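Let me begin by handing over the structure; questions about it come next.
Note that the chains take the letters A, B, C and D in the order they are written out, and that residue 1 is the start of every chain.
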Amino acid sequence: MKKCSVLVWNEFIHEKSDPRVSAIYPDGIHQTLKEGLSVDPHLDVETATLAQPEHGLTGEKLNSTDVLLWWGHCAHEEVKDEVVDRVQKRVLEGMGLIALHSAHYSKIFRRLMGTSCSLTWREAGERERVWVCNPGHPIAQGLDRYFELENTEMYGEPFGIPTPDEQVFLSWFEGGEVFRSGNCWKRGNGKIFYFRPGHETYPIYKNPTVIQIIRNAVHWACSEGRWIDSCPNVPKEEAPEFKESASKNSETNPSE
Amino acid sequence: MKKCSVLVWNEFIHEKSDPRVSAIYPDGIHQTLKEGLSVDPHLDVETATLAQPEHGLTGEKLNSTDVLLWWGHCAHEEVKDEVVDRVQKRVLEGMGLIALHSAHYSKIFRRLMGTSCSLTWREAGERERVWVCNPGHPIAQGLDRYFELENTEMYGEPFGIPTPDEQVFLSWFEGGEVFRSGNCWKRGNGKIFYFRPGHETYPIYKNPTVIQIIRNAVHWACSEGRWIDSCPNVPKEEAPEFKESASKNSETNPSE
Amino acid sequence: MKKCSVLVWNEFIHEKSDPRVSAIYPDGIHQTLKEGLSVDPHLDVETATLAQPEHGLTGEKLNSTDVLLWWGHCAHEEVKDEVVDRVQKRVLEGMGLIALHSAHYSKIFRRLMGTSCSLTWREAGERERVWVCNPGHPIAQGLDRYFELENTEMYGEPFGIPTPDEQVFLSWFEGGEVFRSGNCWKRGNGKIFYFRPGHETYPIYKNPTVIQIIRNAVHWACSEGRWIDSCPNVPKEEAPEFKESASKNSETNPSE
Amino acid sequence: MKKCSVLVWNEFIHEKSDPRVSAIYPDGIHQTLKEGLSVDPHLDVETATLAQPEHGLTGEKLNSTDVLLWWGHCAHEEVKDEVVDRVQKRVLEGMGLIALHSAHYSKIFRRLMGTSCSLTWREAGERERVWVCNPGHPIAQGLDRYFELENTEMYGEPFGIPTPDEQVFLSWFEGGEVFRSGNCWKRGNGKIFYFRPGHETYPIYKNPTVIQIIRNAVHWACSEGRWIDSCPNVPKEEAPEFKESASKNSETNPSE
């Protein structure tokens, strides 16, 4: 079984500036995610961050990546447009993308959705209960009917997204809201999964169920086919029917 | 503006057998719905019930109906298959269908969805909060961000439906569940709306917001086009290209 | 019946630089489209072009527009990003958008789709036959099973779009290709229709069937609801459940 | 890598009654398909036919099947409803279904779609060109931009199906029609692929490209998760929130 190449991208800012965050994620959210994913021997996991040249997302790097995880929160606007172009192109070719929590407002997620990606929100450390909408879905394997996160930031509807191709999770919040928390889309040949849970000051990515879901999502999003985009002109002499007519016309004794 | 012809169908059994139900809906749920819809001068509203000949759903009646509302609960299996065939055919032609609450398990809704339409449920008179997922949607016009029903039966995920074309409402339940409560699909040329709120022993259909939503849904589902199904053979001499070849061959002086 | 405000946008370049185009559309494609739409008394039709200040697409103008038609071909890149932002925002609020022919590569269409929007193409003046996939669809009203365009530019698959919500037309080309020619999507509260036929050197927009379809599409895309986007914080004291708890706690004799 | 269990179902009537068919498929279409699939060492392929007890589709057999192929043409009505119920249930649980050619009118396909599944058709031995709409799709792996079948029955639009989740193939016909020839849906946890090519008197299933596509589709449709449907009541004491309240109320020193 071919290994799936995973790249965990993190803006990696909060962890260096906010002691509450560095207490939870001393090496950055990306390292915690990498550790969580690396227990799976079928995954090859690397990381990249905003501060690296080209944000660590060179053409070569992306070309060898099967699934990209994206975590950003306070620096969406610092991601360069040409890098976003490049990531979008790779997703359309077939690279999977997993957008985590506040990545709903990242340039790449908004670019792929074409919508506002807005939502309502509240930080009150309330309880979230994430329900499974399709117990047989690859991303929900190994889960019970629901799981709970004791302290989370609330995200509520309306969530400004195109209708998901599949609804895998819906969240219930202690404060009274609901949210589409696990949503699948396909764009070009790339599979996209938005997963709501996650936060910089709650240790969500140390929760084994959350990590299991992200692992499941990586496998779901990993694909082998590629759709290399172009917008080719097809000259008349190469048109299937005109080509055949030409060839038929030149035959001396057409059988039909 | 052409009036929209609405037919409210009710199995009309609980209201005659259960005093708790008849106390709320003495003339039947269908009469309460008819009253709620009839305040709109653009709607012509009639009713039909299970006990009528052909369940009140003759070909002629359906042919003149633009939108059908369906309420059934304990007698789904008593609806004759040939009537379900007829209703399905009209939906595919273009008649709107609004399936209310326990109609998730009606023959006609399951037939159109192709799935189990199962869910989880509980009768504990708990509070439901219905959230708007698309504040601009025709079915959500005039609503606030959410509305509440003080005492309802709970319906929870997983709800065994095809992914809705549009998600209009999601519900939050006091007991901790969530549910896709307002879902749109199109099948053939017919628009279908499933709307969760409603119950026989809670006076849900006397709630002005609920009635407003059903009215909105009727207008949304009302269409003028028809797709009369057939599976026609197209003989070779009527094939667009073969016909033209034939006609070209027979012309003495083809201009091309 | 409230009139629908339609704005026909044209980059208006070919018509001034290419005599073959000005011979067909002496006042510009936008004027021909405006004339074709204006026979419908329910439509108020205006025009805007690239050379106008803000491309004729001010916030005020867009705010009063119900449906925008877009024709661009050789100057997609000259459309300013802030104008595209503004148009996108209005579509998400509820303005309809009809993207015509080469507008598949316009900034606004690609922005809303999130995909490459690429296709294959050929200019050989070949015949196109456009088939109706849903004879009951509002956009197909008044049409026969298909219509033909004697001389068209070919557009072929693969077309780099998200799966349409509804497939209204598919095209057959004399040269042997096929194409998804009439595609519906909804993004936010806005309805989007991509319609393939159209070209600057073939008089496609003088074809009565083509104009009828565009008129149908305008009515289909015209909506009254609005979804004004924001991403509001909901403070804890305004959370539905916490608010109620607070209010319950302050009651002297809470019943529960 | 776990093997995928494939079951090829055939009504197996034409092959015994029509010498033109038995000349091409002497052992039945199912045997030809089985041979074509069996070259893949990851597939375990078996067959079943209408004449067998329970049409060869016992609960036990279906329970161990990962992907079911369906070929029927003249005897759709002879398939027992209880067997269709059983197959539908397994698809919703997660068994893949590949409906071939005239299976568009099979009970199981119509049941899962909920629509008419009608189309137009013609038997004139004309040429079909099948175009790839998503070159990166798993089902299109190994294909060129299109492939051709020299003599086929024509199927044309409108095709009475719900909008496919993904459009993989579109067909062009010599006689002038077009058709949605390769369509994906998901129902419950089951993946469904409709594939148009195939006929009893043209040797379509001996075409290596056709067989390659069916093999690709089998791998695409093969899934490991299961969604065992039920419609469970959740008693009040097991509601997530009520349960917690109860448990909190009974604790003497609740920590939160």
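In this section, a residue touches a chain if its C-beta (ideal position, glycine included) is under 8 Å from a C-beta of that chain, and two chains touch if they have at least 3 such contacts.
From a predicted model like this one, the values you see are computed outputs, not experimental measurements.
A.B. asks: Report the chain whose CA-based centre is farthest from the CA-based centre of chain B.
C.D. replies: A
A.B. asks: Between chain pairs B-D and B-C, which one is joined by a greater number of C-beta pairs in contact?
C.D. replies: B-D
A.B. asks: Would you kindly tell me how far, in whole Å, the mean C-alpha position of chain B lies from that of chain A?
C.D. replies: 35
A.B. asks: Roughly how many whole angstrom separate the Cα centroids of chain B and chain C?
C.D. replies: That pair's centroid distance is 29 Å.
A.B. asks: Specify, in ascending order, the residues of chain A that touch 2 or more different other chains.
C.D. replies: Correct list: 129, 134-135, 156, 158, 163, 165-166, 176-177, 186, 188, 227, 240.
A.B. asks: What pattern do the touching chains form: line, ring, star, complete or other?
C.D. replies: Shape of the chain contacts: complete, all pairs touching.
A.B. asks: If you look only at chain C, which of its residues touch chain A in the complex?
C.D. replies: Touch list, chain C to chain A: 88-89, 92, 105, 111-116, 118-122, 124, 126, 154, 156, 158, 160, 162-163, 165, 174-177, 185-188, 227, 229-236, 239-242, 244.
A.B. asks: Chain D touches which residues of chain A in the complex?
C.D. replies: Those residues of chain A that touch chain D are 1, 93-94, 129, 134-138, 140-141, 146, 148, 165-166, 186, 188-189, 223-228, 240.
A.B. asks: Using the touch rule from the top, collect the residues of chain D that touch chain C in their complex.
C.D. replies: 129, 131-135, 156-159, 163-167, 170-173, 176-178, 180
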